[in-house]
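Two complexes come next, and they have one chain in common, chain A, joined by chain B in the first and chain C in the second.
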Partner chain A sequence: MMKPKIAIFSLTGCEGCSLAILELEDQLLDILQVVEIVNFREGMTERGWDIDIGFVDGAISTPEDKREVEELRKHSRVLVAIGACACLGGINTLKNHQPASEYRAYVYGDKAEWFPTMDAQPISAVVKVDYELPGCPMVKEEFLRFVKCMLTERPFRATANAVCVECKKKGVLCLYEKGIICLGPVTRGGCDAICPAYGSKCEGCRGVVSDEALAAAGVNLREQYDVPLDRVLADMRFHGAYQEKSLP
Partner chain B sequence: MKNVTISVKHITRVEGHGNISVRVEDGEITELQLAIVESPRFFESFLRGRHYSEAPHIACRICGICSVGHTTASVNAMEAALAIEPSEQTVKLRKLIMFGEEMQSHVLHVLFLAVPDFLGVGSVLPLARTHPDVVKIALRLKRLSNDICGAVGGRHIHPIACHVGGLTHVPRDEELIDLKRRCEAARSDIAVVAETYAQFKIPGLERDTEYVCLKASDNGEYAFCSGDIVSTKDPKPTNVADYRKRIIEEVVRHSAAKHARSPHSPSYAVGALARFNNNYDQLHLAAKEVAEGLGLRPVNCNPFHNNTAQVIELVHCLESAIELIDELLTRGLAVEPLRQPTRFGQGAGAADVPRGTLIHDYSVDAKGYISEANLIIPTNQNLANIEADMRAYVPKLLESGLSREEMTLQLEMLVRAYDPCISCATHFLDVKWE
Partner chain C sequence: MADRIIRHSDLMKLVDEVARKRRIIGPVARSVPECEPPVRYFYEDVERADQLDLSFRYCVYSPKRFLTPPSETLFAFDQDDGGFVAAPQYDRRPTALVGVHPCDIHAIRLYDRVFDLEHRDEHYFARRGATMIIGMDCPGPCTDGVFCKDMGANVAEAGFDAMLYPLGTDTDGDEMRYAVMFGTKAGREWLLYSRQSAAPNADDERAFEKYQADKEAAFSFALRTRREDLAELLGRSYDSLLWDATARRCYSCGSCNLSCPTCYCFDITDETDLASGSGRRWREWDGCHLPEFALVAGDHNFRPKAASRLRHRIYRKAVWIQERSGVVGCVGCARCDRACTAKINSVEIYNQLAEEA
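After this line comes the complex of A and B, so read on.
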């Protein structure tokens, strides 16, 4: 089998998900035996455009991002969104809740028109995305599982349970019992509940797991902890998992 | 060569998107720019209205490489704004995670991004075949640095446990013992890095430059987590609260990242070489020995030696981490409750992160929500200085009779030597305080 040609691109974001690939230190040399990296601006000079699998981190937040992702789509047989920014719009979407004239002037003053911008969006708002590996940052182990599936031509399936399930399995004391509003009941798992395990609330970086989970949380959280679903959805805006602007 | 045009779109092996353009006509530079074309991100805008407790978890998302650095500056600033005195244990754990951060970033920059230039290849990938031992050492050191960060913060990219008022998790003794063993084993790895690095020919470019960084006032440590602002032209310390007296920022058209100057110089530099130049006396003895071996002495004004200073700091951080882990094991660790605000007000805090002095400044309203935010980023502070260096370097390159391709590579290497982090630099710029 030919080595698949891999490319890694970054739009508006922190490039942490690209970095997470480099942080697969123990597996990196093995991965390089079976794939060929042809384009990765952050790590190499060469830039090839015959791409089997294109990974993109970062959100669409400028007209240039939009043009670039359309170009990447043309060159990539499979296009994969990695991280919360590419999958959901990510932390960048916090600006969407302020008037553009206001957030632009606050940073660039009367020079704001020099630096074009637009509401932050996931890349799926602009092009067809074949797979999504969410998280802030992306979960390295999930990336590895994805690469293995691609190499062996097996289907890749996203985790279908909520973070809560993984948290309970680890035996972590539920943060609601401490009076903290955690997004674990409605957020897609696959992260091994790493935030609650380190004493912090789930921030919803992997997106809403299902409508069923939202419906169940709407009942359970109100009955057990007197927390309305709207409060949970408002917090889900942190990484852009929920974009509704009218919430409190 | 009298006429030459150099244009590099999207400089590779740097974090973020930057372009170089140089035009020389009849031997005169008529255009010279390092354009920053990264998307503006507006963190300062959308921090406003968020709860104070979210500041470090939002700010870390500015940058994947230096998310621990942003977290540290953010908690320092917020604790100044809320008049929170962190516990001794918190201060020590923050130091440990910053040693991990400086190490991982320097390993990434020196060994993955800069070394390919010295070995004449386009990336670290071919080195996996030609220099497998060095690549394995690089991966091992990177893994160790990340694991130090992970033990304290839960993970290196966007740490979880670091909060305003303390940490929600502490490393277990077994983790610390394992890290210490691996740090000790890493001494020989770093020695190989230093030996390999010593063989590289560092380009010659001496230009009188002001170097700015933090300096510890109290305990005499090499400053990463706290300190006052000093410089090689003005060693009198300035409290971080008065940072505007030392750092003057302005918006320039060709850069989504602002430029900076000091009261003493039209441009200045921050980063590993700035720390080495100002804080040489506080370096660990083992790091001083490596500096001796590499022939670097303060004050050195060759920007290419920022790489050298990073190698020296790698030794300093490794040795300091070993000593700190010993201290932590002796005193014992237990999770403490987060310390709570004693007021809501304004405060600035800083950290000397891998790329230089990073300052966060917040105001918090009476209900605990952020009302103003200003962030001063290391790469912004370096941009004007990089252009000044390029302006000094181009005539030398023209005299040396290099081809256009070779000159282009030299200019890219110069930009890379500053280890610019362009995602960071575009995330915040000017703020008007009314």
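After this line comes the complex of A and C, so read on.
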């Protein structure tokens, strides 16, 4: 069997998701036996453009990102968005809620005109995306599971379950019991509930799990909890999970 | 009549004796300053009896994870000289569950039944066969909202090796004294042949009788419908508007299922290793409130809406599990109700349906 050719690209983001691949230290040699990495800025200098599976982290935040992802799509038989920025827009979308003149001034100062920028978007807003591996950062175990599925030609399915499932499996005390509004019930799981397990509320980095759950959040937070909805919406916007100004 | 009487300190010595041969799992207090009271109890592995807190009211999660873990490997597979070999994995570590309340004992009895229906689940019974159960009776409701008396699960007459009844503190000290009932030969041997416990005297018997009477008075019914009549009630309620009205709050997060001591559904996955032809088949907890629980080939979902899933769970708990297994499917511990961040409450559901009917 020919080894599938893999490439890993980064748009606007911290490249932490690319780094998560290098953090698969115990499996990295096994991975390299079964795939050929042809293009990976974070990990090597060579550049190849015949790509079976292209992974992209980072959001579309500049016109250059847009051009680049369109180019990557042309070269990749399968295109995979990895991480919250590529899947949701990520924390880059915080700028979408501020006037462009303001954030451009405080980020680029008097050089703002040198750096064209645009509303941050997930890469699926620009090109067809075949798979998404969300999270901030991407869950490296999920990446590994995805690679295994591709190698054995088995279907890959992201979980349709909320983060709560993983809290219950780990036996974590629900943060609601401590009076904390956690985004776990509306957020797609697969992260092993790492934030709640360490006592931190879920920030929704893997995106909204379903429209049904989101609608339930709107009802419950209004009817069952006396919480300022603006704060909850700000939390849901943090990783770009939800962009609207009110809950359904 | 009680079988034995034992003091707390002697019980602790006996548990330490067990700990030499078995893994001990029991209630452990965890400080949670944000909660009132600022402590929560969890079943955890302990090395010594003094790490347990047998004065616990309830444990947040049931001990089910120690009998059917959140995820477990069923078998590992490999290719050997072109042939396929699969090696099942069983966990037969000698274990003792200490401090199991009657509700959770009823739930384990349900597992003993359902995991033996049609196909005997050897992975469950490997653990179960290696597990000793030392129960802890409840002198009263452990917390608000429980409906164990309604489900007939606030007392347990079987399903344990030994059951402890906290009679109260000693007359000559401040040490807890327990009456003990044997459930099995193993439980009997554990206590009878040790010098730590004593035969009950006339005072002990009176104390045990008073304990039973006080307990009877301490529990009250929460449901407007008797357990025997729930099947008839739900039989009339399939098309109730309540399901939609309640499920608009449901996140479908499955917390009710996964914190339920009687939920036993699981999902199976095959996973291969990266390089070789080896891999494993494993299972993990599943739940009928989860959106893809009833998803089948062709992407058809038999219960695509939260309302149909909510109704399904309530029917399972109140009627269907019992119809199938002969054991009532809910023990009234109310863990589902406490776990629900949408505050969907099963007692309210039953009582609203009773009001409608």
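The rule is short, and it goes like this: the second predicted complex is superposed on the first by the 224 of 248 C-alpha atoms of A that agree within 3 Å, B and C clash if a C-alpha of one lies under 4 Å from a C-alpha of the other, contacts with A are read in each partner's own complex, and residues count from 1 in each chain.
Basically, a contact is a pair of C-beta atoms (placed from the backbone, for glycine too) under 8 Å apart; a residue touches a chain by one contact, two chains touch by 3 or more.
Bear in mind the structure is a predicted one, so any value in this text is a computation, not a measurement.
Asks: With the two structures overlaid on chain A, would chain B and chain C clash, or do they fit side by side?
Replies: fit
Asks: I'd like to know which partner A:Ala213 touches here: chain B for first, chain C for second, both or neither.
Replies: After superposition on chain A, A:Ala213 lies in contact with chain C alone.
Asks: With the two structures laid over each other on chain A, which partner does A:Glu113 touch: chain B (first), chain C (second), both, or neither?
Replies: In the superposition, A:Glu113 touches no partner, neither chain B nor chain C.
Asks: Looking at the overlay, does A:Asp226 come into contact with chain B only (first), chain C only (second), both, or neither?
Replies: Once the two structures are laid over each other on A, A:Asp226 reaches no partner at all.
Asks: One more residue to check, A:Thr152. First (chain B), second (chain C), both or neither?
Replies: Second partner only, chain C.
Asks: Where does A:Asp26 make contact in the superposed view: on chain B (first), on chain C (second), on both, or on neither?
Replies: first
Asks: Would you please give the vertex angle at the Cα centre of chain A, with arms pointing to the Cα centres of chain B and chain C, as a multiple of 10°?
Replies: With chain A as the vertex, chain B and chain C sit 110 degrees apart.
Asks: Report for A:Asn92: first if it touches chain B alone, second if chain C alone, otherwise both or neither.
Replies: The first partner, chain B, only.
Asks: I want to verify the contact counts: of chain B and chain C, which reaches more residues of chain A?
Replies: Partner with more touched residues of chain A: B.
Asks: Quote the smallest CA-to-CA distance from chain B to chain C in the superposed model, rounded to whole Å.
Replies: In this superposition, no C-alpha atom of chain B lies closer than 8 Å to one of chain C.
Asks: Note which residues of chain C are touching chain A in the complex, please.
Replies: Per the touch definition, chain C meets chain A at residues 30, 32, 34-35, 40, 42, 60-61, 65, 70-71, 248-255, 258-259, 271-275, 284-285, 287, 290-292, 305-306, 338-339, 341-343.
Asks: Per the contact definition, I'd like the list of chain B residues that touch chain A in the complex.
Replies: 10, 12-17, 37, 39-42, 44-46, 48-50, 54, 57-58, 61-65, 67, 108, 112-113, 116, 122-125, 128, 135-136, 139-140, 142-143, 146, 153-158, 160-161, 163, 167-169, 251, 253, 256, 335, 423, 428-432
Asks: In their complex, what parts of chain A are in touch with chain B?
Replies: Of all residues in chain A, those touching chain B are 10-20, 22-23, 25-26, 28-29, 32, 37, 40-47, 61-62, 64-65, 90-92, 94-95, 97-98, 102-104, 106-109, 111, 114-115, 117, 136-137, 194-195, 197-200, 203, 238.
Asks: Name, in rising order, each residue of chain A that touches chain C in their complex.
Replies: Spelled out, the residues of chain A in touch with chain C are 27, 30-31, 33-34, 144-145, 147-148, 151-152, 160-162, 164-165, 167-171, 173-174, 176-180, 184-186, 209-210, 212-213, 215-217, 219-220, 223-224.
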